[in-house]
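What follows is chain A paired twice: with chain B in the first complex and chain C in the second.
Up next, the complex of A and B:
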């Protein structure tokens, strides 16, 4: 036992100490991000948990491939039927809007994996035994879920766009709409990730969290859609615009259509003016930052033993 | 057939929890929205827009969610946490246990979905064209069918709450709007058909005949309970 003088050692039973380079907080955060991203797709988890994410990712490809096929057929069509098809085909943000059920199920199935289980089984204290702050932990988890959601939506969109570029349709309009939709998808992924993460951190039971996220998103979506339908019938624009605030999909769709001069994904959704667009930007910030704040507060509370 | 204590227990566990607020909140939202729709409509055809609103919002959202919340509270969660065995060990026919529970769920559906639809119909259309009565009947018929389906799903599936939820979202909301033959097997289409038959407003053609819708809902209810009773009767308490 050779203990250097001047170093307080309680026990030295002769094990070799770690003398390698210790990595900093950044490396810990990056590795947490990568692990979380892998877990979103079931990589490194059981075979059963790979089914849901890959199934949804595959099903989301179907409408995009069909639309890409339609675009490739456009070259052979008469001009009048091109005009009929052109409107919906050029509106890229309609894709996440019309597949919102699948996207919701993806978020609802994966958010509890990242946010509920560690709180439930108190394994979260193990993460905080490393020099990683509570906020950084939450932000890395959120970044991973956002990346997963973005990838699942944006890859089909990009395939669709690539198909459009290889045809004789108006490339500049497609590029403009595609970029607008990609910005919208990024915003949507952030809002969905924070919201579903917040719900799963509050419920902590995995099954309950899945149900709660699906109910919260689809119920508000159904309510908003039917209110907008009623407002459209009675020509009451303000009611339809106000209703859109209460669901992530509609609020982002309205923001994209207002900020980038896009058509709205559904005929009953009114097109917002400048004032409303700013209002929607504020509402999106409320959805994202409000949820993130609650999520961080919940995680801090759970981690303070 | 029905069992008094089970009915009482069911009522108590249904109203003694926080989830009851989700069941109360939806009809309240529907009534508020119907008042807003009434207030903003510019004269015109009140009865027809009221009928459309009741079909989309009432039968489309309120009825399934209320039935879902009540079924999950009374049936799914007792299966999931295993507390159903305290009922199964009592000397009561298992079919009558599940039938009593299903009746409580149906009662909750009538009180929290069908009656508010009647009120919303009265608010929006008054007494004209029997819209309010049609809403009550349509709500009750589609609640009946939903309760049967959810009861059967709740006792036969693992992770049954998500199963019921996906049944509503995928089958009733998505697939039935894409494939028209599904209307013959959809609780939502039956409720809508009853509203369209009874109310003399609106211009849509009912998807299925009135008798078929009512008989279909009754059959769905009875078959759902029979299946669930069968499943319960063949359940063993001991661990394998």
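Up next, the complex of A and C:
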């Protein structure tokens, strides 16, 4: 067939079929994971989209650096033995709890990038016409968002912990609290990723998704905190423990506190016993698997054209 | 056996039976699948890709079974959906390369082939601009590029000419012709318009309400009618005079616009036309065999099953 002029005919050296070895689904899944992780931080996207994730990552470093600085300063003043008086200096899981607004904004801003755009533009159809299964696609996206959330929280924590190790504070206590917090952060990252991913996939429009995630997380957080405050004042321990179930940050904080014998991030949060700790583990599973189930179902349905 | 075969294929949705005992074979080359909207074309494509599990019958694509080897099929098949699927904020170059990697191409090969594919579909400098600003024609080209970038053996194109102006439609049909005939990739292209595929496809399959109506080579369908079209050059009314003269000599002739269609029963009739035109002192501009158009064929025999 002839080609009309002006379409690059001179350079047309014909079609060269690909004869190399095609990669298996494992390699494809890994490639999707890496691309998604890069997109979480705006890499490979527009310059504008890099601002939010890096700004939040930077701001999250500030409290950790301040705490690390305090530790170093106390050490210099030979007051490390007194560091226990500063409760927050060893309460690592308090960090994600007190910075939850920043973490929420990060999850809210990045989840739509991975879960709403493909549905909105219906690019999802092209993914599903390729070797990766529909469930594997969702799981890779989730893994990427979880990794991104984990990284922005765990890196400041680790800097803080490294500063603590270089001082004369009780290393075993810090190590124990740090490891407990890292486990807690991993769980929190999974819950936040599945929940914000699910909200993004349902709302589809990214502006709406951002708002919906922030409202859902901050509203429940506000309600839980005020209920817990009221319960603390009126000595209703059960009410305070029950309220914690309804927000990812409080439910994970209670679980970490109960499972690893950690202080709770806030005085108004009651310390759970074994029974409540198991209850929190179940609640966390409900948050994560419930959201993941809805997310996968919604994505599969949206792709049926 | 063709590149795709179905036997007694049935797809029953809750209310609707989209495919009903459909047995067809898509041979190598370019095959047009014609049917009105809702005839089952898109459902057929989804079944061939292994995205929908048929409720009855057997399917083979490239010798594989989509129900159990869907992933292997999707690695070697390209799919161009009918509707818009391109993310607005990504450039065609980045997007097509990502899609190539999602089909299992290693990074280096994906980059090289993306550049090839974009060149073949005729996207030049605009490949580095976000696709949201593309015209419909350019979007269709980008969609086609991601369809062929991983060097598939078969591509499924769903209504690729929909929404294009006549010029862009001709370009798209040229491209489809090149893919099928020059690139050695088998093509199955759907359309609800019979006429526009006529000059591009080698084989025509017509389905209606999930049934197979016809499956034939284009040449067999559009055999010559035994009539010729005559166009003469002369003063106004010349065509009528020639027509009149032909009828007076016992030849069947009738006007078609400002031309005359003449029934050729014997080869001598052609000489008669030549002599008459010369005798009247007119110029013989055109003496052309009349082929059936696909539309005529189906208007006559579309109902037979």
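Here, the second predicted complex is superposed on the first by the 279 of 305 C-alpha atoms of A that agree within 3 Å, B and C clash if a C-alpha of one lies under 4 Å from a C-alpha of the other, contacts with A are read in each partner's own complex, and residues count from 1 in each chain.
Everything that follows uses one rule, which is that a contact is a pair of C-beta atoms (placed from the backbone, for glycine too) under 8 Å apart; a residue touches a chain by one contact, two chains touch by 3 or more.
No experiment lies behind these values; they were computed from the predicted model shown.
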A:301 contacts which: chain B (first), chain C (second), both, neither? neither
First, second, both or neither for A:15, with chain B first and chain C second: second
Classify the contacts of A:171 with the two partner chains as first (chain B alone), second (chain C alone), both, or neither. neither
Under the stated touch criterion, which partner chain does A:35 make contact with: chain B (first), chain C (second), both, or neither? second
More residues of chain A are touched by which partner: chain B or chain C? C
Classify the contacts of A:219 with the two partner chains as first (chain B alone), second (chain C alone), both, or neither. first
Of the partners chain B and chain C, which touch A:211 in the superposed model: first, second, both, neither? first
Which partner chains sit in contact with A:229 here, chain B, chain C, both or neither? Use first/second/both/neither. first
Does any part of chain A touch chain B in one structure and chain C in the other, and if so which residues? none
Spell out the part of chain A that touches chain B in their complex, as residue ranges. 101, 105, 207, 210-211, 214-215, 218-219, 222-223, 225-227, 229-231, 233-236, 239
Within the complex, which stretch of chain A touches chain C? 1, 3-4, 7-8, 11-12, 14-18, 20, 22-25, 27-28, 31-32, 35, 44-46, 117-118, 121-123, 125-133, 303-305
Partner chain A, residues of chain C touching it in the complex: 42, 46, 49, 51-52, 71-72, 74-75, 77, 79, 81, 83-90, 94, 98-99, 101-106, 109, 113, 116, 119-120, 122, 124, 146, 150-151, 171, 174, 177-178, 181-184
Interface with chain A, chain B side, in the complex: residues 29, 33, 36-37, 40-42, 44, 49, 52-53, 56-57, 60-61, 65, 80, 159, 161-162, 165-166, 169-170, 173-174
